[in-house]
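Below you'll find the structures, each written out as structure tokens.
Look for chain A in each of the two complexes below; its partner is chain B in the first and chain C in the second.
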Partner chain A sequence: MSRNQGGRRLFNRVVLYLALLLGAIIMAGPFLYMVSTAFKGQVYVFEFPPQFIPARPTLENFVKAWTSNNFALYFWNSLRVAVVVMAVVVVLTSMMAYAFARFNFRGKDTLFYLMLAMMMMPAMMLIIPQFVLARNLNLINKLGGLVVVYAASGMAFNTFLLRGFFEGLPRELEEAVLLDGGGYFTIFTRVILPLSTPALATVAIFSFLGSWDEYIWALTVINEAKKRTLPIAIANFQGQHASDWGLVFAASLIAVIPVLVIYVLLQRYFVQGLTSGALKA
Partner chain B sequence: MKLRGSQRVIPYLFLAPGMLLFLAWMIYPLLRALQISVYDWKLLPGQVSSFVGVANYEAVFKDPIFWRALRNTLAYAAVTVVGQMILGLTAALLVNQAVRGKTFFRTLYYFPVITSWVIVSLLFKYLFDSSRAGLVNYLLVNVLHIMKTPVGWLASPTAAWAPIMGLGIWKGIGWSMLIFLAALQTVPIELYEVAAIDGANGWQKLWRVTLPLIRATVIFVLVMLVIGGFQAFISIYLITGGGPMQRTEVLLSHMYNQGFKYLKFGYGAALSYVLAAIVVTVSFLQMKFLRRDVEV
Partner chain C sequence: MKLGKFMALVVIVSLVLTIVSACVAPTPQVVEKVVTQVVEKEKQVQVVVTPTAAPKAPVTLTFWHAYNEVSPENETLTKVLIPAFEAANPGIKVESLAVPYDQFRQKLLTSMAGGVAPDLIRSDIIWVPELADIGALAMLDEVMPDFEQYKAAVFPGPLSTNFYNGHYYGLPLDTNTRVWFWNKEMYETAGIAEPPQTMDDVAAQCAKVKALGEDKYVFADGGTYGWAVLPWIWSFGGSITDPEITKATGYLNGPDSVAAYEFLLKMFKDGCLSPSILGGGVSAGDGYATDLYANYLDGPWMYPIFASQFPDKQLHAILMPAGKGGHISVVGGEDIVMMQQSQHKEEALKFLAFTQSEEYQLKMAETGQMPVLNKLIDSDYMKSHPYYGTFLEQLNTAKARTPHPAWTKMEEYLTNAGQAILREEMPVQEALDKATAEIDALLAK
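Showing the complex of A and B:
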């Protein structure tokens, strides 16, 4: 009987890993095929039957995308926008979260529910009035126009996430700072922020990636070729070179690699951020 | 903390910069959209915008493309939400049981979630290429022999939903999986032992133990995915462009085209308010009917 049970366990284990492997093929397959296509010359992109391993791998797509198509510039634009947004979001939302987590003040509930309510709205419904506002403030074709909207749309969720984290911090240290004659700003910079690095890292990563990948707003306010960010450049690129998929995916990979690096190195923050945000919501 | 006298200003100082940004670029546009929606809004400075009352809203309800876009949006949401929930839960249950490679599979399944919509949309457009050399056609015709001839995915309004919805599900599985995985950790293992003693099989354990205990999470995932389903835009914009003949238009693509292609800002703003009303109502109904005594 015990041998029978052991056999059954082994069988279950094999089925489990076969299922996990099938899932892995479905999830990773498209990406692998993208990588493979990026290394194929133009004539091989639609060869029949399709080849997963290119017969004549070439780097020409990467060279062409990076040098002749301004991708270095678009990369730099995306990077600047994403870094500034990340900094602005981390500083401003942690300040707001501190106010919500530690003080009682008039209008607190109203402001808090206003932010919660905005989290439910489809962000894109604001695109027409945001465009009108950006136009009136002369922010069309400016990277600054991207920064303000990306940062503003990150305010509600990240404040909410950080407030939850701050509320869980012990208060004794803060009282000690006050007894020593320190002020609330000291508490914020010397106690709250240093104790919250994991949560701040989560906010930083998500706001960086959010701006790095954003497409619709950038498509709407950026017309000038020199101001493009990677997502618009890539989509545009596909429009222009409809069948030059090798080039499109080489450009895509240039955009994906930083994401992949951040993701693999800082994985635990993704899990933490998502689950703490989700389960407390 | 108790604040006295001039100290009362402190929380406002911490709030001010972020709140200013939030009010200026989120709340003000929200109100402004309402205003724009009752005007025949002209973008160019020289032109006069005239007040038209609810005419834009009336036009929305008379617009056959709006109704088609609404039906398409609902269908998209229904299919992708169900797909993501079932596959996300399956993935969570599988990954949760894996002794080795748990992190590996979790990381891999989650990766599509963080890749940009633009890139994966283009990728799916390429995978679903209509020629026989398109990877999906090749698999269906030459490997699995399910189809006799290659499918013209983007030429047919029905077939075009395959890459769009397929992408919606594929990209979202990892997110539901991660949330479900976290919830599964909260189910006490003793309950499964008790169920096993009572002779429950795996299926019964899932329906009688796991799902009732993670009910709050299931509802949370459902509500969030439905909201997400209503926001579908980039994949449709880049894969079909709403075509062929506007047959795959969804609410947001219709709104965006009305606003930025035809410069009908008033009409677009009215559409966005109708969309917001639908999303808020649907989320509210879901929570009201599904939540019962459970606190999310």
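Showing the complex of A and C:
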């Protein structure tokens, strides 16, 4: 009986690892192929059978991507926008979420659901009205304009995420601060925020990624080459008639670096933040 | 709780402000008008006081195109031609913007809705009727004083793509067509003696090419859209609509168009037409360069691309193989059009005229953009050119895609029909009947 159980456990474990391995290959395969292609000359991109480890690796694509057409400037533009959006979203959504989580006021639920409803609208449906609004607010063709729109579009989801997290924090801690003569600002900055690092890290990652990767809006509103962000620059390496894929992938690989850095720095909070928010919502 | 109420108030006020800002009806055009009037009055006063005209404020023109950012075309445009224009026209600056082709229409239409369209665009010839139909383009034959002179200087075929509803909305910028590229190295390996002259010759290559390997194909293309399938339909003698563009019945679903699709389907089922025609896979040009595809159709821009990306591979061009309808290919190219919303029409027309100059046309010709000026056809440049000859010959019989504002929608039906046929979701006749009915409904509007 126990031998049977042991055998079954081993079998389950093997199946589990095989499934995990398969999942890992499916997830990492395209990324690894991108890395591989970035190191190949154009002539070798479509070799058959495809080679994962290039026979004649070259750094030419990286040099060409980085030095051509202000790529470094576009990288810097994207980084500035994404960092500012991240800061704005973390500050504003944490305050909004705290208000929604802890205070009672008339119309609270209506406002909250109204905000959630905004998440349900497909982005392409809104692009023309959003463009007209942005033009009227003089936000077209400006990196600052991108910050406003990206930050606004990140508000609903991140407030929703943080509200769930804040509601799960014990009220007793806040009452203790009140008894000691502290106010709500003290509670917010000294109790709520330090206890919510995992959730705030999650919001930071989401908002950074959201603006770092965004393409359609930036393409639509930016009309000057020097104000472009990275996704547009990468798309512009693809031509109407032919694309230099090594160059596209080398550029994409450069673009992935800040995402990896942010993710590695905040990783230990990330999973915890996601599940905490979800369970306590 | 006071702070609580305060924070709640902040939330409410922020949300209300957001909603209100979205609803406020702004009046930017009114402001622009007021500014224009003020400037005009200042000018009048100055004319009275002194006969010297006031120096005009520098004007910045915006010009959108879909050249690849790192392409020779873009290099020539931004580093040679625009600086030359600016030097000859002090006070006018041209800002060119490369917009990816696939998102070009979306960006343009959104910008137009917002009232901030560019001054000039290099428009795909198939967009001109649609843009003219919605009133987005200025009528060049009305606003350009010497339009007749420019009109007479260009090839009539490319010029006709600017004509819609009795007016010309642009001038041709470059022209092109697709010719048949045959892969000499693969032919030699497969033992194929001659490039194909007829559709039967194409079909006869199947067994020889498949003998080279399962991953080798006689022909490849990137989809079932008009640019890809029209040379087949026309060369088989078929068409999309009647010449007056009033109906598709009897044309798209007629026996000749059906024969074209039957031919492609048989090639596909025999493994001789690359699956890339259903999307994805190795693109036709890349597959030709790496000896996966024995033939494909493409334009003159591939020569500079091959020179930089596949310097060891040669392109060999002939006319589209003939069927019942002859050696017929599809006319491509771009027009330059001025947007109705342009605030600087006078200056924009100067740049537009510059694009019609010999200097501009010859410089762009070096990057694979075929010129449109009549006088260049007999020039030494064209006569001694290594590859434009085949394209000029193909252009003699090439046809333009249906010049109709609803072409984009018609092409969608055509693409879907091609996909359904090759995926064997529908028999050829049934799929074309369906597309024909859909196109007829469009034309009836």
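Here, the second predicted complex is superposed on the first by the 230 of 281 C-alpha atoms of A that agree within 3 Å, B and C clash if a C-alpha of one lies under 4 Å from a C-alpha of the other, contacts with A are read in each partner's own complex, and residues count from 1 in each chain.
The working rule: contacts are C-beta pairs under 8 Å (C-beta built on N, C-alpha and C of every residue); 3 or more make two chains touch, one makes a residue touch a chain.
Note that this is a predicted model, so its numbers are computed, not measured.
Participant: Give one of first, second, both or neither to describe whether A:Pro122 is in contact with chain B, with chain C, with both, or with none.
Facilitator: first
Participant: Is A:Arg8 contacted by the first partner chain B, the second partner chain C, both or neither?
Facilitator: In the superposed model, A:Arg8 contacts neither chain B nor chain C.
Participant: Which partner does A:Leu20 reach: the first (chain B), the second (chain C), both, or neither?
Facilitator: First partner only, chain B.
Participant: Considering only touches as defined above, state whether A:Met34 meets chain B (first), chain C (second), both or neither.
Facilitator: Touch partner of A:Met34: chain B, not chain C.
Participant: Under the stated touch criterion, name the partner, chain B or chain C, that contacts more residues in chain A.
Facilitator: B
Participant: Please indicate which partner A:Tyr263 is in contact with in the superposed arrangement: first for chain B, second for chain C, both, or neither.
Facilitator: first
Participant: After the superposition on A, what does A:Ala151 contact: first (chain B), second (chain C), both or neither?
Facilitator: first
Participant: Mind working out whether A:Arg56 is in touch with chain B, chain C, both or neither, as first, second, both or neither?
Facilitator: In the superposition, A:Arg56 touches no partner, neither chain B nor chain C.
Participant: Could you tell me which stretches of chain A are touched by chain B in one complex and by chain C in the other?
Facilitator: In the superposed arrangement, which is not itself an observed complex, chain A uses residues 46-48, 95-96, 98-99, 102-103, 105, 108, 111, 114-115, 127-129, 131-133, 135, 152, 184, 216, 220, 235, 238 for both chain B and chain C.
Participant: Over in the complex, which chain B residues touch chain A? Could you list them?
Facilitator: Spelled out, the residues of chain B in touch with chain A are 1, 3, 8, 10-12, 14-15, 17-19, 21-22, 24-30, 32-33, 36, 43, 91, 94-95, 97-98, 101, 103, 105-112, 114-120, 122-127, 129, 131-135, 138, 142, 170, 173-175, 178-179, 182-183, 217, 220, 227, 230-231, 233-234, 238, 252, 255-256, 259-260, 265, 268-269, 272-273, 275-276, 279-280, 283, 296.
Participant: Mind pulling up the chain A residues that touch chain B in the complex?
Facilitator: It is residues 16-17, 19-20, 23-24, 26-28, 30-31, 33-34, 37, 46-50, 88, 92-93, 95-96, 98-99, 102-103, 105, 108, 111, 114-115, 118, 120-133, 135, 148-149, 151-153, 155-156, 159, 174, 184, 188, 209, 212-213, 215-216, 220, 231, 234-235, 238, 245, 248-249, 252, 255-256, 259-260, 263-264, 267, 270-271, 274-275, 278-279, 281 of chain A that touch chain B.
Participant: Under the definition above, what is the set of chain A residues touching chain C in their complex?
Facilitator: Listed in rising order, the residues are 42-43, 45-48, 64, 68-69, 95-96, 98-100, 102-105, 107-108, 111, 114-115, 127-129, 131-137, 140, 152, 183-185, 216, 219-220, 223-225, 232-233, 235-244, 247.
Participant: For chain C, which residues are in contact with chain A within the complex?
Facilitator: Those in contact with chain A are residues 1, 3-5, 7-12, 15, 18, 21-22, 24, 26, 28, 62, 66-71, 95, 97-101, 103, 106-107, 110-111, 113-116, 118, 215, 282-283, 285-287, 289-290, 292, 298-299, 301-302, 305, 309-310, 312.
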